[in-house]
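Read through the structures below before going on.
Okay, so chain A shows up in both of these, paired with chain B first and chain C after.
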Partner chain A sequence: MVAAQSTFLTTLLGSAPQRSTGMAWLDRVRAAALERANAAAVPSAREEEWRFTDLAPLARLSFQPRAQAAAPSTQAVAARLLPQAYARLVFVDGVFAEALSSLPSSAGVRVMALEQALRDEPALLEAQLARLGAYEHNVFTALNTAFLREAAVVVVDPGHAVSGPIHVLHLASGSAEPYAIYPRTLLVAGARSRCTLIEDFVALGEGAYFSAPLAEVSIAPDAAVSHIRLQREAASAFQIAAAFVEQARGSTYRLVHVALGARLSRLEVSVVHGATACETAIDGLAMIGARQLADTHTSVDHAHPEGRLRQTHRCVAGGAAHAVFNGKILVRDGAQRTDAAQSFRGLLLSERAQIDAKPQLEIFADDVKCAHGAAIGQLDAQALFYLRSRGLGEQQARNLLTYAFAAEVIERIAVPAVRSALARVVLERTREAA
Partner chain B sequence: MIRAGAPVLLDVRELEASIGDKPILKGVSLEVRAGEVHAIMGPNGSGKSTLAKLLSGHPAYSVTRGSVAYRGSDLLGLSPEARAQAGLFLGFQYPVEIPGVSNAQFLRLAYNSVQAARGAEELDPLEFDDLVREKLALVDMDPSFLERNVNEGFSGGEKKRNEILQMALLEPVLALLDETDSGLDIDALRVVAGGVNSLAGADNAIVLVTHYQRLLNYIEPDYVHVMEGGQIIKTGDKALALELEARGYDWVRAEFDAARAAA
Partner chain C sequence: MSAVIQDLVNRPYEAGFVTPIEADVAPRGLSEETIRLISAKKREPDWLLEFRLQAYRHWLTMSEPKWPNVHYPPIDFQDIIYYAAPKPKKLKSMDEVDPELMRTFEKLGVPMNERAALAGVAVDVIFDSVSVATTYKQKLAEVGIIFCSISEAVASHPELVRKYLGSVVPPADNYYAALNSAVFTDGSFCFIPKGVKCPMDLSTYFRINTQDSGQFERTLIVAEEGAAVSYLEGCTAPKFDTNQLHAAVVELVALDHADIKYSTVQNWYAGDENGVGGIFNFVTKRGLCKGASSKISWTQVETGSAITWKYPSCVLLGDNSIGEFYSVALTNHRQQADTGTKMIHLGNNTRSRIISKGISAGHSNNSYRGLVKIGAKADNARNYSQCDSMLIGSRCGANTFPYIQVRNRSAQVEHEATTSKIGEDQLFYFASRGVGAEEAVSMIINGFCKDVFQQLPMEFAVEATKLLGLKLEGSVG
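Let's look at the complex of A and B:
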């Protein structure tokens, strides 16, 4: 479909002073992506993949590239840090903040910003960067790639188990002028390695900004990656994110993703089983109110036999919020003995809230187990009465039940400090949404 | 224990109530004084569970006539939580499962809500843990039940023990126990009844809603009421329960109808 380019895209693309990265291959990738972005349009609700998510509020705005990162106070940053982390990469408005980061050097794992990675691991970067993150058909991944200048890069050697989580913290400082940022993460997990990656998107101030993060996760045979993704962008921000995951034989990928912030957010997760016996777990929570929209699109491509998927998604929508879930499970011809289960539950807290859920199972193999369930409802009246009959006020009872609904996903977070911090945030959010 | 001059805790007068357009209670009167144990018996659909739920503030029922006073003040205008805070307790026939909320968290929230309303001290998790472990012994429950989600995956007997545990913590003035004996084997029944008996005192009262006489072997009632068709049609002492067990309910109805016809 050829459509007139929106102000949104014209401004973004017109503002691209493309300095060379110093790497010819990377300049070529960026140029190709820019060409794609130039030919693209902002998706409209007429497209099936965007049926429930109206990007008109985004397309109306003009965003400039962030010229200079604001320096947040150390106090504001300190509260966002995770003491248990093995390493920390901090980006402020998309720009690597070395002074706030902590990059230990020890055998078996390298945690780097892009600049250093291009210096230290040029061959690996050339082979891996933009390999999974397909930009041919998606204007937002094309934008991210076209403007690729900053990234968090994690390389885990075969057999190595990283001693603590790797915390990639994206801070948005907020600004009166709408600006655009393109966070990017590359994780390459060697065979039999173990690691936990936390991608944490936090707003320090208010302001309308546009963020199009992209993560590429490549998991070698028998490796296990735990991926936690927290979206707490500013109330007037837009985040359109994508994560591309490729699993090799016998590997495990566990994702817990939580969306609390942004005026409009979307996460597209694409997991490909590249060989037999891959195990995937995806647990998601979107908890929104006011006029927020949170869209989650996941796709797991079972291309080989004996793959396993466990997926849970929960949406809590209050106010006039709109939550969208599309969970695609593709079982290709020959992917026998695939065992997939998907469960979706939505909780509507108000009459004006809306939830759209679409389980999408496409099965071309005959010896498979695929289960899915989807339910959308309100707080259970019996449970409310039970709590009130024990002395809890009506609002307190509602908050507790709402929290409990969300807690099922939060409890899947394997890092205790993140889990308890998020539990507090969600409990507060429950009170605000009330 | 019946004592002359004991304060009236509950005074239900000519109560009529319906669910939607359907009348369920058709003129119930009941007076409960401190120290007393009442049993309300009757066949299925007689309205006895409705009465218990209505008294604790269940929103499904609307009162169309009559009045209820609790310790001398109107009860019906109060929210369910205000009733609980004032010392009313409903032991549920079907305790509700609440996934995602631990039993310990739930019990402490309930306890502190009621304590705060009474102007008494609220407890932090550690202090509360001491208290709740002491009460667990009363209903012979394993402490592991505190860590589990409220009633989730509990057996019928475990759910009922959990109800009595809540009663023990909240120390109600008036406890309405709705079919607390249903679904219990004899051991669980003994434990639950033992818990209830140890909570009965001179200053509080218990109303048991039950289908079977069996429970009354363990908790001795001062009054037995027979409810049918939304009315209390006969009141007696514990001997009445045994007679009902032996003869069924039909004769009570016949007697009631005859008396009404004669009037």
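Let's look at the complex of A and C:
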């Protein structure tokens, strides 16, 4: 690690001292994370984990903590809401907006902001918050925990199936002054429970801001969690996110993540199979253009027998965009009968676009089925020819095929309203990229 | 595992013996003095001494690579003998070769003269860093091919060596390449002039003999316009308890329409079942497809060494050039291998193909690490990679680290990887057809490696098949 800190870090760390949360244990975790952040540096491309993602554009900037919450117009917000949602937690520039949120109280599930959660469920929070989300992971997870003030907390009781998706909406108002926010999500799914969590990052205006979200998902035996993560940050924004997932025996975790926005974005997903027979499905799409960079790092740790993984990732890069994918599958000693399959495909739409991929298998058990495939190229000439023979123009045919390429991931989204809205966005993107 | 199988797994290294030959040994340790000594012993021109010293000075500023997925105790570079030469003797024919040396080859089951004659192979024998016998020189000279030790080439064709040495692997390329550039003692030089197709497979037979003598081989092969050559490298080493460092550099240069095929069977001593002893094999191999439509093909069967760190690569500079990499890497007991390839596409319409088969058994760890890079100006580049792993037993590891970097949208890059094992059901099927477990394993392994073996020259393919069978039979059961 570099001793001299960048302006980026000194500004972030030099910001106003934190008020106590009133919880000694939480203050301690935050202090430890702050210490870690103070000792850390912005990762450089010399580090294996960051070799394709140059953080120099980020490190050059300085961001201040958000001084006060903006109040976006209800009209602007309304368009982003999801009527089908069972519950909604809205954060504006990282601050919980109670007025915009909808928190029904019914048996079996509690959807809360951190403040309420600390009041109602102190024991659960102490046991779960910052348990999976390792602040030691890197400087960004350390920052998130060090400045932990706000969070979306979802607790599903054993055996309960939540009737609709839980929508956690992060709105970025955009402002002239670059600011930093640290969204945090904690989901605790009880045994045999069912729920769908949508983490939605949307920009309402333009402006440079830095966001370092962190999500913790704890899944009890035989529970099923569907996690949808949409990143539509502003064009000059930076998002470096991490999600830590732990699965118990027989549980299912399905993640669909879509990255469309931000100047530079990175998502690190770490899934740990904590017991036997866990099932994981991860589908990702990064569709970027201009000078965007989207980096996806996933790691699935098969620590116990009979785990299953199905993963697809698709990148569409236009303009001078740079897409990065690193998908690690680890099968530990003793994790017999693991069945893991990963597929990566990248589509380069323009001359200056670039894609770096590193599918990675690390296997220490012999009775396993593991496969990965990676392909990078352009649209299939035969498919194009076919569409043209059916009367489609060159551009139309290209757009259709590009859309179909991305739609493979979009179609995995189990919430129809989100799926169709995203399909529209992707279709527009396809036209823009052309 | 049955007793027979146990016995087979624990079969001692058959080539483990030491032939006492009086060696001309340099004192231990590395300094500018050592390098001057090596250079003086070999009566080298000043430019080569300068080349060595510059590499050495750069090496001092470098640090050992830590990124490979291998673990070993720190190497004391001051505790290595950098120069050991057999007693100088003039040899006119094979009959004059030291009888001790000939006996060594016989013990190995490879009587050199017979093998050379029968297989039509010219063998440039490397015995402790200095060539002591070169055969078939005459026949090759008739067509203008230069095939000799690199020290000889420095004396007889300094202009060629000077032009190409370090042109593919620069002295400062990496830690071990820099070390090799500073202290290399000998190796092979091969020059195929314009339009010549080499009439026979060229071969070097490697042995490590003097205990603790690090081996720093340097091989340089240049194929001019339209030339073609197939080069074979094979090695076995006697059994020693202290680790021996082997840091070779191989450079291949292919000009327009030239074709170089480089095949290796590597069976250095791997250490005992507890991982004691064995060779550290840290090798830099790289081919430059400099000319249009040139082709470089690497085929390797890696079965030995305690640690293998090796990435035979192709830089596809010429338009329409082709790079190939076929590899079988087998690790057993405590062996560690981190091997793969790099395909750097720089020219238009360049194509590359990677077929890698990794087999891990025992407590070993086998990693494939590959890079496919398509430069921004390389239009219509194609790559196909396939890396399959087979695990035998549940205490070994198989890893794949493929890096794919694409900077050009017309590129088509495909990578596939699978993992499999030898299943009880397969063995049961073989048993039901009357085939015993050992033969069945051998057949399954050979089937698994078929795509690579069929790229090997015939006599090598036979040796490789035998070798894998020997190394693995009985690991299952």
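Operating definition for what follows: the second predicted complex is superposed on the first by the 430 of 434 C-alpha atoms of A that agree within 3 Å, B and C clash if a C-alpha of one lies under 4 Å from a C-alpha of the other, contacts with A are read in each partner's own complex, and residues count from 1 in each chain.
Everything that follows uses one rule, which is that contacts are C-beta pairs under 8 Å (C-beta built on N, C-alpha and C of every residue); 3 or more make two chains touch, one makes a residue touch a chain.
Because the structure is a prediction, the values reported are computed rather than measured.
*Asks:* Between chain B and chain C, which makes contact with more of the residues in chain A?
*Replies:* Of chain B and chain C, the partner in contact with more residues of chain A is C.
*Asks:* So in the superposed three-chain picture, is A:F385 touching just chain B, just chain C, both, or none of them (first/second/both/neither)?
*Replies:* After superposition on chain A, A:F385 lies in contact with chain B alone.
*Asks:* Is A:G346 touching the first partner chain B, the second partner chain C, both, or neither of them?
*Replies:* second
*Asks:* Check whether A:V95 is in contact with chain B, with chain C, with both or with neither, and answer first, second, both or neither.
*Replies:* neither
*Asks:* Please work out whether A:A375 is in contact with chain B alone, chain C alone, both, or neither, and reply first, second, both or neither.
*Replies:* In the superposition, A:A375 contacts chain C only.
*Asks:* Between chain B (first) and chain C (second), which, if any, makes contact with A:L427: first, second, both or neither?
*Replies:* The answer is neither, since A:L427 touches no partner chain.
*Asks:* A:A134 contacts which: chain B (first), chain C (second), both, neither?
*Replies:* So A:A134 meets neither chain B nor chain C here.
*Asks:* With the two complexes superposed on chain A, say which partner A:A407 touches: chain B (first), chain C (second), both, or neither.
*Replies:* first
*Asks:* Of the partners chain B and chain C, which touch A:A41 in the superposed model: first, second, both, neither?
*Replies:* A:A41 contacts neither chain B nor chain C.
*Asks:* Check chain A for residues that touch chain B in one structure and chain C in the other, and list them.
*Replies:* Touching chain B and chain C on chain A: no residues.
*Asks:* Quick one: in the complex, what on chain A touches chain B?
*Replies:* Residue positions touching the partner: 380-383, 385-394, 396-397, 400-401, 403-408, 411.
*Asks:* What residues on chain C touch chain A, complex-wise?
*Replies:* Within the complex, chain C contacts chain A at residues 67, 376, 389, 391-421.
*Asks:* In their complex, what parts of chain A are in touch with chain C?
*Replies:* 48, 52, 333-334, 336, 346, 348-378
*Asks:* So in the complex, the part of chain B that touches chain A is made up of which residues?
*Replies:* 56-59, 79-81, 83-85, 89-90, 92, 95-96, 98-101, 106, 109-110, 113-114, 117, 166, 170
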